[in-house]
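To start, the structure itself, in structure tokens.
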Amino acid sequence: MFVLVNLKAYPCDPVAVANAAATVADDTDARIAVAPQAAHLSAVAGTGVETWAQHVDGVEHGSHTGSTLAEAVADAGAVGTLINHSERRLRLADVDAGLRAAERAGLETVVCANNPRQVGAATALGPDAVAVEPPELIGTGTPVSQADPDVVEDAVAAAAAVDESVPVLCGAGISTGEDLAAARELGSEGVLLASGVAKADDPEAALRDLVSGV
Amino acid sequence: MFVLVNLKAYPCDPVAVANAAATVADDTDARIAVAPQAAHLSAVAGTGVETWAQHVDGVEHGSHTGSTLAEAVADAGAVGTLINHSERRLRLADVDAGLRAAERAGLETVVCANNPRQVGAATALGPDAVAVEPPELIGTGTPVSQADPDVVEDAVAAAAAVDESVPVLCGAGISTGEDLAAARELGSEGVLLASGVAKADDPEAALRDLVSGV
Amino acid sequence: MFVLVNLKAYPCDPVAVANAAATVADDTDARIAVAPQAAHLSAVAGTGVETWAQHVDGVEHGSHTGSTLAEAVADAGAVGTLINHSERRLRLADVDAGLRAAERAGLETVVCANNPRQVGAATALGPDAVAVEPPELIGTGTPVSQADPDVVEDAVAAAAAVDESVPVLCGAGISTGEDLAAARELGSEGVLLASGVAKADDPEAALRDLVSGV
Amino acid sequence: MFVLVNLKAYPCDPVAVANAAATVADDTDARIAVAPQAAHLSAVAGTGVETWAQHVDGVEHGSHTGSTLAEAVADAGAVGTLINHSERRLRLADVDAGLRAAERAGLETVVCANNPRQVGAATALGPDAVAVEPPELIGTGTPVSQADPDVVEDAVAAAAAVDESVPVLCGAGISTGEDLAAARELGSEGVLLASGVAKADDPEAALRDLVSGV
């Protein structure tokens, strides 16, 4: 199971969460990555944790002021990137372009989608993985694996129908080891989570509980 | 073969083009539709030609000032709609929502895409048809079937890999009966065209030449 | 006072509301306009009511599939247009381009803005009028003139500081003659309203009550 | 004169340019800042050069995956930010929100605009400075001060008509000391430049030539 901790624009200390994630990953052999703001990437990567970007734009080197260039996030230490998170939805053509930009820069990719149909579409664009996150459950604390288990199973089926080699992560409301185990039962190979760790009083304890479900 | 004439925001007389299309469709049994600006839909539909919208938003009835509501274009006489044209690219989630809105209003749908990979993704969202239009060829007068025949064949294969029942139209640079015949040879079941008819001195003659390729 | 009834994407009968507005305007000498979906413009204009568009894009004739061309809405009978409604916010450069497009097509313009600072900015772009609508009050039924009278007075001051000749309309929560009278007291020269008329059981009665405040 | 070097998404070494800028600034007392990709901010700030962001989003701490949070760029060492660059145009309401976010994080602000009218609008939103950059001249090597001196003078007048305390920078095609001197003559208090330094074989020499115009 891959655990990807999205720090969004939360008022947490990204380095403290990264250190906690690095410690738990070392102790447990779990694969845990942290995705901070682009401006925090080099500080987070400095902790030794697996570091991801939250977004890259589908642009090449050139006149793109204010863009997030895949090569720049890779320079800063990112080894992967989310694309099309529900808080940063992209045009279909830009999901495609973002994937090509990430590939060019050697970044692993997870494309997010809202429902099984969109998971199928995202899979057709050739990402390393897809993630299903029903927007109505994000940030609720109610895990998608409990609130709507069918959406996870249907997403796994939708991805497999297009390309069996693309794993499905699941997000929205995941915070405990039990949630992670349930997500695995439903066929997902990882989880996206955010507030459950980033806003925890003790991120390290939250991560230890989470990976106990592996 | 389905011939869809997109009037874009051209300074043509939409009713004159619609009358020409209606006449040629009647005379030849070709299926020809005209897609004008939303504000011109009722005038175009009044000619009796098959009338399409150029775009609908993925919204329901409600507080959506300045949107293009699927039910409103259907009221005005549209029976189908383009979605995600390269001049009106939508977010992946909004292509999905636009398709659901169009279905709800009883509109037939063609989702446009730039390349075979995006055609596969569009097909996964469940449209009635998809169209491949390499943006670099739009408006050039060089037909995609000649400039880049592989892109048409690859698009047909990409759609079939996801759902064999979804036909592929092809666009970009189509203007003659020869172009249409070539598009058909490559596996497409229709064409999108715009300037070749809308900017023609004699739209009726242009359409007659075009459908001679059927 | 100018009364602009925005039908948004409401499930109302646009022609029935337009007829009610035309009747009340005739009976009372109030200036009342109706802004329907683009696809409904010609039907609404056919009633004889003053007809406005909800939006125009900042484009010229050309390859702009799915756009709302100012000339097309004028063809369909619109004599004015909203620009930058809070449900259709535009980039600063596109507010400017939309205004120039509307001018070119002979449309009167009202640029919407969320707060006095943005009203000042909108005024600098040279519209015929500006409107202040705090987004948090839209659709609440609580009139801005009551919930936040300062925002109306400040908007009037902000517009005047940039260009004294640009009148300020006010929107958000307006539905009664009392609300309209209060808006006038605060310095506004018109009102934008939507659900108060469009969703009324009896739009004509709602409009008669409203203009009784003039 | 303030010299702001925008590195866009150019394939330059941001630290090398930053070191060159820091050296020239030290030697000449010119005010020179460098604006890299967000992911490069901390590396650039580490050189001691005045560091700016290319963009911030108008968001607060919270669920905003893939955003550029003003506090995050400040953490990474930025002391100012561009907003609404022509390659990253924002909605009018988001220019306002971006300015408020930057203020909250203690960042100095320059809002970019395409023409004098938009400069007036930007000024009304309360930035620390505005910049006029006609998009058609960006990257041409033809300085706006030479190609279209009126646009600079008109921009200075437009800003002053709204708020006399807001200085105007000028951009587009600036690369030599002569260009900078011309910009100053026309009333601007600084310049934005990009390729003239970022793509120079010797950025330090390019900057020395540039500030010789002060």
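Letters A, B, C and D mark the chains as written, and numbering starts fresh at 1 in each.
In this text, a contact is a pair of C-beta atoms (placed from the backbone, for glycine too) under 8 Å apart; a residue touches a chain by one contact, two chains touch by 3 or more.
Nothing here was measured: the structure is a model prediction, and the numbers come from that model.
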Query = Of all chains present, which has the mean Cα position farthest from that of subunit B?
reply = D
Ask   = When the C-alpha atoms of subunit C and subunit D are each averaged to a single point, how far apart are the two points in Å?
value = 36
Remark   = Averaging C-alpha coordinates per chain, one finds the centres of subunit A and subunit C separated by a number of Å equal to 43
Message = I'd like the Å distance between the centres of subunit A and subunit D, where a centre is the mean of that chain's Cα atoms.
response = 33
Ask   = subunit D: which residues touch two or more other chains?
value = 86
Request  = If two chains touch, include that pair; go through all of them.
outcome  = A-B, A-D, B-C, C-D
Key: Contact set on subunit C toward subunit D in their complex   = 84, 86, 89-96, 113-115, 117-118, 120-126, 158, 161-162
Subunit C residues touching subunit B - in the complex, by the definition given at the top = 6, 8-11, 36-43, 53-55, 59-69, 71-73, 75-76, 78, 82, 85-88, 138-139, 194-195
